[in-house]
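Take a look at these structures.
Each of the next two complexes has subunit A plus one more chain, namely subunit B in the first and subunit C in the second.
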Partner chain A sequence: MDQFLQALINGILLGGFYAAMVLGFSIIWGVMGVINLSHGEFIMMGAFMAWLFSEPPDYLMEQLKFEALNPIFTYLISIGYQGMDPFLSLIIIMPVMFCFGYLLQKFLINRVVEKPHLVSLLVTFGLSITFANISKLFFSASPRSVDVAYTGAIRMGDVTMSNIKAIVFVGALIMLSALYLFLHRTRLGKSIRAAAQNKNAARMVGIEIDTVYAITFGLCVALTGAAGMMISPTQAVFPYMGPPFTLRAFTITALGGLGSIPGALVGGLVLGITETMIATFVPRIGTNLAIVASFSILVFILITRPQGLLSGLRPMEMEEGT
Partner chain B sequence: MSKPNGQEANHSRQPLLEGRSVSKYFGGLAAVHEVDFAVYPGEIVGLVGPNGSGKTTLFDCLSRVQDIDNGQVLFKGVDITRKKPHQVAHLGLARTFQVIRVYRKMTVLENMLISRQWRGETLWKMLKPSHKDTEQRARELIDFLTINHLTNEKAGNLSGGQRRLLEIGMSLMPNPDLILLDEATSGVNPTLIETIKDRIRALNKDQGISFLMIEHNIQFISDMCSRVYVLNYGQKLAEGTPDEIKANEEVIEAYFGT
Partner chain C sequence: MSTQTNGNNKPLLEAKDIYAGYTDFDILQGVSLEVYPGEIVCVIGPNGAGKSTVFKTIYGFLKIRKGTVIFDGQEITNKRPQQILRAGISNVPQLRSIFPQMTVKENLEMGMYIEKDKKRIAERIEYVLGLFPRLAERRAQMAGTMSGGEQRMLEIGRALMLEPKLILMDEPSAGLAPLITRMIFENVERLNKEIGLTVLMIEQNARQGLEASHRGYVLELGQNSYQGTGQELINNAEVRRAFLGG
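Then we have the complex of A and B:
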């Protein structure tokens, strides 16, 4: 029973992270109809940035062997900088990722938004490979770990809850609520929802769809980068860590509905709990079987309820067309 | 039959909207082929034609949702042939759609507020709720369109006719000079058709808003429009007053076949 309770709590914590992790993927799909296969790579970037900011500069200088950056590291050493808390680095990671996403949409993705799905799939697949390999060039393929000062666990009776996972869970809930409020309370958020529901009508009342798309993409990449930072203390950071996250994002979005924030939470929890349960209770192969659960849930949902459990930004009866 | 309003357009003036040899091709199919037309300030003009004659495609070209392959479109003397939809909207051209385009998951008021233009807005302002003046205008228009009892209702729960009225309201939010109405009466019950008629007349007469309307309801066209263009197979078949059009042999042929 204790083991079950422990697995359930771990599953819920993991599910909370999944919900935050999937937001960017789900909103981009819901708003502009682009299935972003490079989603996992944005997580990887966020995680690597967390690593960069958390390590002391002399260690980075030794690890990266990138001569061009040495003056920066030397300067940082000279002012006595010793790396910052990874969670604190979010205040840099999110704006940087926002700008990156904004520009990426403006100059690349925007050219394929109106094209058939296959085109945007190919472009984002290409981006995924490109980002992973550029990261390998920079950081090498060796796995890195991001350390935080407050490891340890909260003990409640017979079950424990890791500090970091608890913080990540709270962070995820904050991200979900902030995004929900943004989309439902601000005019920009409402414009994004309007563009998702009805692109041409939104254009005809003067909403600049290109700008809405670029802001949406930037925002989603920022959220995804933040999720990457959040996962970095609990798993190895390496250039090819992305694809399993893209797959999970796909499953959760299929479960929860395109662009639906409550759907992301429900889908994230279902997947998180399922994976943890399988990993805990299936002997020996459980951990490896967990990812199989993603596929199985995806296939099951696509057969039984292709519109997702909860309706999202783009209700199915409102498909685009003129 | 009373002819409407201040529609005595002065044709010597510059047209509000003018199309010169507008063409749109889908592969080898000429959806719109070298169509010339003009809408003068203060006019209500009809655009009729059998299904598939290119009316909605022409609207799509004018509102720049579709690219124009050949020809030129001028709005208030400005060449909009290559402009983007939101730029055309900013110039004062609004449209409604054949398949009603309201945001079903938002309330009537939210639908109206979202339809406020972006022009001149800073990002900071966009992060705040709508301005009081905008909300005031939205509420006035909701009253004007006689749907004030539905202000806080989700648009998805409205009837077809109520959604048409809401859509017209949304197109009015940016203060347009010309509205392209795509089948404003389809699927609307007769009582609400009278309301729509009445409201369009008021907008035309009191605010000087011009209309170009696609319509299958010939009675509606006769009552509302001073001039009518007829399209068939993407080409202009005829133009004239509603009475002239109704008497035109070619038009009768095109509509009712042989």
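Then we have the complex of A and C:
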């Protein structure tokens, strides 16, 4: 029973992270009909940035053999900078990722949004490989770990809750609620929903679709980067860490509906709990089986309920809007 | 319906010799039309004649290759929808244009997207809801769950949010039951009388459309073929044979 309870708590904590992790993927798909296969790489970038900001500069100088950056590191050493808390680094990660996403949409994705799905699928697939390999050139393939000062766990009777995972869970809930309020209460958020629901009508009331798309993409990349930071203290950070997240994002979106925030939470929890239960109760192969479970759920849902379990920004549909 | 005498009035909207198309081929080959302030003008014509295309070009959705559009003394040829809205033209397109997963109130709010003054938006919402009691009862309902007629009314209401001088309506009665169609036309005529709204509409339902209008145009194969007052067109033998069922 305790083992079950423990697995349940771990599953819920993981599910909260998954919900935050999937937002960017789900909203981009829901708003502009682009299935972003480079989603996992944005998580990887966020995680690497958390690593960069949290390590002391002398260690980075030794690890990254980039002469060009040495003056920066030397300067940071001279002022006695020792790295910052990874959660604090969100205030840099999110704006940087926003700008990156905004420019990516403005100069690249906006050119393919009107084209058939296959085109944007191939473009984002290409981006995913490009991003992973550039990261490898820059950071090498060695797995990195991100440390925080407050490891340890909260003990409640016979079950424990890791501090970091609890913080991540709370952070995820904050992200979900903030995004919900943004989309429903602000003029910009409403214009994003309008563009998702009826593109022509949105144009007609004077919404500049290209700009709204660029802002949406920037926002989604920023949220995804933040998720990458949040996962970085609990798993290895390396250039090829992205694809399993993209796969999970597919599953959760299929479970919860396109662009639906409550759906992301429900889908995230279902997947998080399923994976943790399998990893806990299936001996030996459980951990590897967990990711298989994700794919099986995806296939099962696509066959039985292609519109998702909850409705989102718009119904799940593959055909082109006109 | 009585004929408007606009002898010394300048047209509010003047489209002159418009050429436009979706591919290299011009669907519109020299369409011209004029709408005077306070008029209801109806465009009729067979399917595929290019009626909707005319509206799309006026509204800046489709590039005008030749010709000019003048509105309220100002040239608006190939302006963006946002600039057209600011000039004072609203649009109710042929295809459903509500935001289905927004409430009635939010949909109306989107009609004033280009303005930021929240107080003014709230006032306009109340004003428009006052014009359409059926919408007022449903202000918190998701627009996508309303009936076809209610959705049409919402589209018209949304188009009125910015206090336009001219409203373009593409087949406002399409797909609606006769009773609802009559109600929509009554609303249009009432708005025309009460707030002096100028209306340019396309109607499949030619007789009813012309009866509700001051003047009409017949569009065929991307060109004007006839024009006149509503009654003149209804009485014209050829127009009758072609569009009014004998």
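Side notes on the structure shown:
The rule is simple: the second predicted complex is superposed on the first by the 315 of 322 C-alpha atoms of A that agree within 3 Å, B and C clash if a C-alpha of one lies under 4 Å from a C-alpha of the other, contacts with A are read in each partner's own complex, and residues count from 1 in each chain.
By our rule, contacts are C-beta pairs under 8 Å (C-beta built on N, C-alpha and C of every residue); 3 or more make two chains touch, one makes a residue touch a chain.
The structure displayed is predicted, hence computed values, not measured ones.
When both complexes are overlaid on subunit A, subunit B and subunit C end up clashing with each other. By the document's definition of touching, neither partner reaches A:Ser142: not subunit B, not subunit C.
In the overlay built on the shared chain, the residue A:Asn133 is in contact with neither subunit B nor subunit C.
Greater residue coverage of subunit A by touch, when subunit B is weighed against subunit C, goes to B. In the superposed model, A:Leu188 makes contact with subunit B only, not with subunit C.
Of the two partner chains placed by the overlay, neither subunit B nor subunit C lies in contact with A:Thr74. Look at A:Gln197: by the touch rule set out above, it reaches both subunit B and subunit C. Contact with both subunit B and subunit C is seen for A:Gly206 once the two complexes are overlaid on the shared chain.
Within subunit A, the residues touched by subunit B in the first complex and by subunit C in the second are 187, 190-191, 193-194, 197-198, 200-208.
For subunit A in complex with subunit C, the residues that touch the partner chain are 187, 190-191, 193-194, 197-198, 200-208, 311, 313-314. Subunit C contributes residues 59, 61, 81-82, 85, 91, 93, 95-102, 106, 109-111, 113-114, 116, 158 to its touches with subunit A in the complex.
Within the complex formed with subunit A, the residues of subunit B that make contact are 56, 60, 63, 65-66, 84-86, 89-90, 94-95, 97, 99, 101-106, 110, 113-119, 123, 125-130, 170-171, 173-174. Of all residues in subunit A, those touching subunit B in their complex are 182, 185-188, 190-191, 193-194, 197-198, 200-211, 315, 318, 321-322.
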